[in-house]
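For reference, chains read A, B and C in written order, and residue numbers begin at 1 within each chain.
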Amino acid sequence: MSTNAQPISRNLLVSASPHITSGESIPRIMYNVILAMVPVCLVSVYYFGYYGVKVLVLTTLFCIGFEYLWQKMLRKPVTISDGSAAVTGILLALNLPPTAPWWLMLIGSFLAVIIAKQLYGGLGYNLFNPALVARVALLISFPVHMTSWIKATPLFSGVDAVTTATPLGILQTAIKTTGAIPPEVMDQVNPSSQNMLTWFTGHMMSGSLGEFSALAILLGGLWLIYKKYIYWQVPVTYIGTVLVFSGIFWIIDPTRYAHPLFHLLTGGLFLGAFFMATDMVTSPITKKGLLVFGVGCGLITCLIRMWGSYPEGVSFAILLMNGLTPLLDRWFKPTVFGQRKLYEESK
Amino acid sequence: MIKRAHGFPGGVHPDYHKELTAGRALEVPPLFERYVVPVAQHIGAPAKVAVEKGAQVFKGTVIAEAAGFVSVPMHSPTSGKVKAVKNLPHPWGPNMLAVEIVADGDDTPDPALPRLDHEAASAEELRDFIRQAGIVGMGGAAFPTHVKLSPPREKPIDVLVLNGAECEPYLTADHRLMVEMPEKVIAGAGVLAKILNVKRICIGVEDNKPDALAALEKAAAGHDNMDVYSLHVTYPQGAEKQLIYAILGREVPAGGLPMDVGVVVQNVGTAAAVWDAVAGGMPLIERITTVTGRGIRQPGNLVLRIGTLVEDVVGWRGGMTNDTIKVINGGPMMGMAMSSLDVPVLKGSSGLLFLERDEVEQYHHYPCIRCGRCVDICPMKLMPCIISYYTENELFDEVESLNVTDCIECGSCAYVCPSSRILVHHMKMGKAEVIARRRKRAVS
Amino acid sequence: MLEAILTLSGLAILASFGLGLAARFFAVKVDPRVEKIEEVLPGANCGGCGAAGCSDFAKGVVEGKYAANACPVGGPSCAAKIAEILGEEVRTAEPHVAVVLCAGDEEQCGNRFDYNGIYDCKAAHLIQGGFKACTYGCLGLGSCARVCPFDAIIMTEKRLAVINRDKCVGCGKCVPVCPRHLITLVPISRKTHILCSSHDPGADVRKKCKVGCIACKKCEKTVNGEGITVSDYLAVMDYSQDLDGFALETVCPTHTIQRVDSPVPQESEKTA
C-alpha cells in the first residue's frame, strides 16, 4: 500500500470547458491585416513620396489617438493595442487622395473611429465599415478636397505634382458630355499591353492612395485568404460579379461601356473587395450570406459606376450591403443538425 | 477489411499530444490506503447507501443500491472497513455523499459475488446482470448502460455502433484498451448485440490509431456481422450523433436520440466492462484512465480502482510540476476542471489532465467580432456567437429559438474564438434558463 | 404659398377631427379610478407588487386582484391615497427590507480555486459549485446589485453584497437572482440578523469562514428557544419575534449575529 499523497499549496484555476485554445486572437488578426496592407502602402509611398507618407502616418496616428482619448475620457479599458484602430487608420488613408490636407485627415479619423465605431459600442458593434463611413462623409462634405488628384510622382523622380483626373473620372466625364466614349478616351479604357501594365501596377496612374496597384492589393489579399483571416467568398463574388456584369454591357455596347478589365483594375474595386468588404464585423457570418453579400456589392458598384452620378461606386455599394448584413444573417441561418429530418417527417 | 467512414460537417483539429501516452502499456498501481466512492457518479438518480460505518466490505461488495430505473449500484473497490458515510469532496464541485473505505491490503474478492452463464442467459438476464454490475457509459458521460440497452418497442434497433474514436486530445485510454485487449471489446460487443438483438455491429476508430485498427480487425476477423471503420481525425468525431452520421450516414433528429434512427452507441470501454462482468463475474470497480499532460511528471495509462484519490495517483506518478495550474477530469475540450486533488476517480473519469499555465486558455470578455468561425465549425450547425450574445443580454426567447438545447457542449466554438469568449459557459447558462422556462410553461 | 398653407392647415384640421372622433367612438372603457391610482403610484415599474408595471397594478387594484397596500415603493402614504380613491379603509402592513444572510467577504472566507468565467453569480455557481471556500455563501459578483432598480445593494470592497436599508423598498427583485438563496425580506424594524446560511458542520465552517455559524446554540439558549431554531448545523431566526432586546450580537462567539444600525459600508469602485 502506498500513501504518497501530495498536497498542493496553491489554488488551481477553474473555468468552463474547453481548457485549450487554437491560439487565435484579435491582435494577431489585426496585425496580419496590417502586414497584408504593407505592399499597398509601399506602392503609395513609392509613387507619392512625401504625400503618401504624410497621409498614411497622420491618419493612422489620428485614429489611434482618437480611440485612446475617447476610452480614457469615458474611463473604459484602453484597447488600442488590439490593432483595430491602426487598421482603420491605414484603410482610411488608402481611401484619401494624396493631397489631403491635415485637417481632412483629422475630421476623417474622428468620423471613422468615434462616430462610426465607438458610438456604436466599440469593436464588434459597429454596423458600417468605419473607414468607408468616413470616406463617404468626407466626400459629400468636402468634394473638392476629396477629388483633387495628382499624377503619380515616383519617389526621387524630381517630378512636380500635376493635377489630373482618375481613369474612372475621365470615363464618366467623357460619357456625360458626349453620351459615348470619345476615341481619345477609348484607348485609355480598353486593355492594351501598355494600359494593362499601368492598371495592374499603378505606374503613372492617379487616384487615392490605395486605388491603383491591383498587384500590391492582390498580394496582400491572397496572403490573408491563405491564412484564413478573410474568406474567399467575398472577393471572388464581388470581383466576379463586376466582371460579368460590366462584361455583359461591354459586349452589348462597347462604345458606351468600358471594358470589364478596366472596371476591375482601375478604381477602388480591388481595395474594396479584399480589404473593405471583407471586414468581419460588418459582413455576414455565414458563408452563404457572404456570397450574396459579394454579389450585392458587385451589382451596386456597377450600377453606380455606369449610371449613377458618382464615378466610383465601391464605397457606397459596400456601405449599403453592410446595412443589409443583419438581414442576410437572419435569412441564411444554417440548418441545425437533425432539423432536416424533422422537416421531412413533418411533411 | 477496414472500411472508410465519411466525415461530418464542422469540427476542429486541435493539437492532440497523444504521443505522451499512446505507446505506454497499461499499468496497475499498488493498493492505496483510502478509497472514496461517491453515490452520485452517473446520469440519473444517485445510488442509496447500503452499508454503515464500521462495516466489513470486500472487493465487489455492494455498498449502495440503485435508486430507481435510471440508476446503478456502487461496489467497493477493495476489501477493508467502511470508515465513514458522509459528505466528502467530489470532482463535480461541492461535497457530496460518499462511502469512505480504508483498505486492509488483502484485496479479497467478495465470496458471494453473483455469477452468470452468459452463453445460456437470455437478453433480460444479461441486461439485469449488467445493471447490478453497476455498469455505466465509460466514455465519460456515465449514462447507465442497461437503460441504453432497453429501447422502447416503438424504436426498433438494427445497428450497434462501438465508439472507439477517442477524439479528445491527450486521452489514450480507449486506444490502449483496443491495442492490448481487443478480444474483450469484441466479446463484449457480442453480448451487447445479443441483448439488443441486432445483426450488425460497426466499430469506429479514428485513423490516428493504426495499431488499434489493426488489432480490432484481427480480433473481429471471424465475426462476419462486425465491421471496423476508420474515421477521419476531427474533433468531435466521437460525439454520438456525429459518429452515427460518419459511419452510417444517418442524421439523428434534433432533440432526439440515436434510437430514433435505429442505432445504439456504446463506448469500447463499456463493451469491455460488460464482458468483465458477465464472463468474469466482477462488477465495475476499475477503469482505464489516462494520466497525462506536461504537468504530471510520469504520464501513463493506468488501471485505477473507482474511488482512488487523485492525490494518491499524483503521488505515485512522481507529482505535479510547479507550473501546473489546471487539473482536468476528462479531456481538455469537454472535461471538468477540478478545484482540488483530494477527490476520487469516478466511473466516467477517462482522463486526468495536468496543464501548465502557458498551455491553458484564459477567457476574457472581448466583444464578438463576428468572424463566423464558430458558425463554420459547430458540429450541430448552431450559431454560438449569436446565442452567446443573446444569453449575455438575457433575451432567452431568442436563445430558445436558436436551438441552444441541441448544443453538445463540445467546446469547438470557444476553441476557435479569436476573442477568447467564454462560449460554452454561455451555452450552459442559456440551456439551464431555457429548460427552466419550459418546465414552468409545462406546469402552468 | 397661400395654397400650401391652406392645404396643410386643412389636412391638420381634418386629422384632428379624425383623432377626436376616434377617441370618442373607439375609446376603450377605462374605469376612471385606474387612471387616478396610476397618478399616485411612484411609476418605477419595478414589479415589486407582482404586477407587470404600474398601469397593470392600478388595473389590478380596481379589479380586486391586488391589495391597496401592495406597492412596496409607494409605502404607507401611497397605500393611504389608493384606499381613499377606492373609498376603503387604510390597512397598513409593516414595510419590509431585504437582508443578505451572509457575512463571509474575501477576508473572512477565502477562495477554493481561481475562477475564470462569466462575472455573474448564477454563472459562477455552475462551475464546481462556486469558487468560495463555503459553498453556501455570497459569491460577491454583484448579480443582485445589477438587478436592483433602486441601487439599494452595495458590493463592498471585499466582495460582499450588503443591503442599503435607506434605499431598499422591499420589492423583492433580488431574492430569486441569488443562486444561493441568501436574500430574504424581513420587517424593517428587525435589526438583529444571523448572517450565515451554511449547513456545514461547525468544525468544517471554522476551517472555511471566520464568521460562519458553528451551531453552538448559544443564541438559542439566550432566547430560551423562542425565536431562534438551530437545525442542520445552522441557527435560523424567526422574524415574527422581536429579538433586538437580547443583544445577541454580544452573545455569538463567531460574530455571526450582527446588528444592522451600523453605518452603511462604502461602495467598491470595482463593481462590474
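Simple rule for what comes next: contacts are C-beta pairs under 8 Å (C-beta built on N, C-alpha and C of every residue); 3 or more make two chains touch, one makes a residue touch a chain.
In this text, all values refer to a predicted model and were calculated from it rather than measured experimentally.
Of all the chains, the one whose CA centre sits at the greatest distance from that of chain A is C. When each chain is reduced to the mean of its CA atoms, the one lying nearest the mean of all protein CA atoms is B. Chain B has its Cα centroid 48 Å from the Cα centroid of chain A. Our note on geometry: chain A versus chain C, Cα centroid distance of 51 Å, whole angstroms. Each chain gets one centre point, the mean of its Cα atoms, and the points for chain B and chain C are 43 Å apart.
In chain B, the residues that touch at least two other chains are 336-340, 363, 422, 425, 428.
Annotation for chain A: residues 12-16 touch two or more other chains.
Multi-chain contact residues of chain C (touching two or more other chains) are listed as 112-113, 116-117, 126-128, 131. Chain C makes touch with chain A in their complex at residues 111-117, 126-128, 131. By the touch criterion given at the top, residues 9, 12, 14-15, 29-33, 103, 105, 169, 241, 251-256, 309, 311-312, 314-316, 319-320, 325-328, 332-342, 353, 355, 359-361, 363, 366-373, 375-376, 379-383, 385-386, 403, 406, 409, 411-412, 414-420, 422, 424-425, 428 of chain B touch chain A in their complex. The touching residues of chain B, counted against chain C in their complex, run 92-95, 336-340, 362-363, 365, 422, 425-426, 428-429, 432.
Residue ranges on chain A touching chain C, taken from their complex, read 11-16. Chain A makes touch with chain B in their complex at residues 1-8, 12-22, 24-26, 28-29, 82, 121-125, 231, 280-281, 283-287, 329, 333-342, 345.
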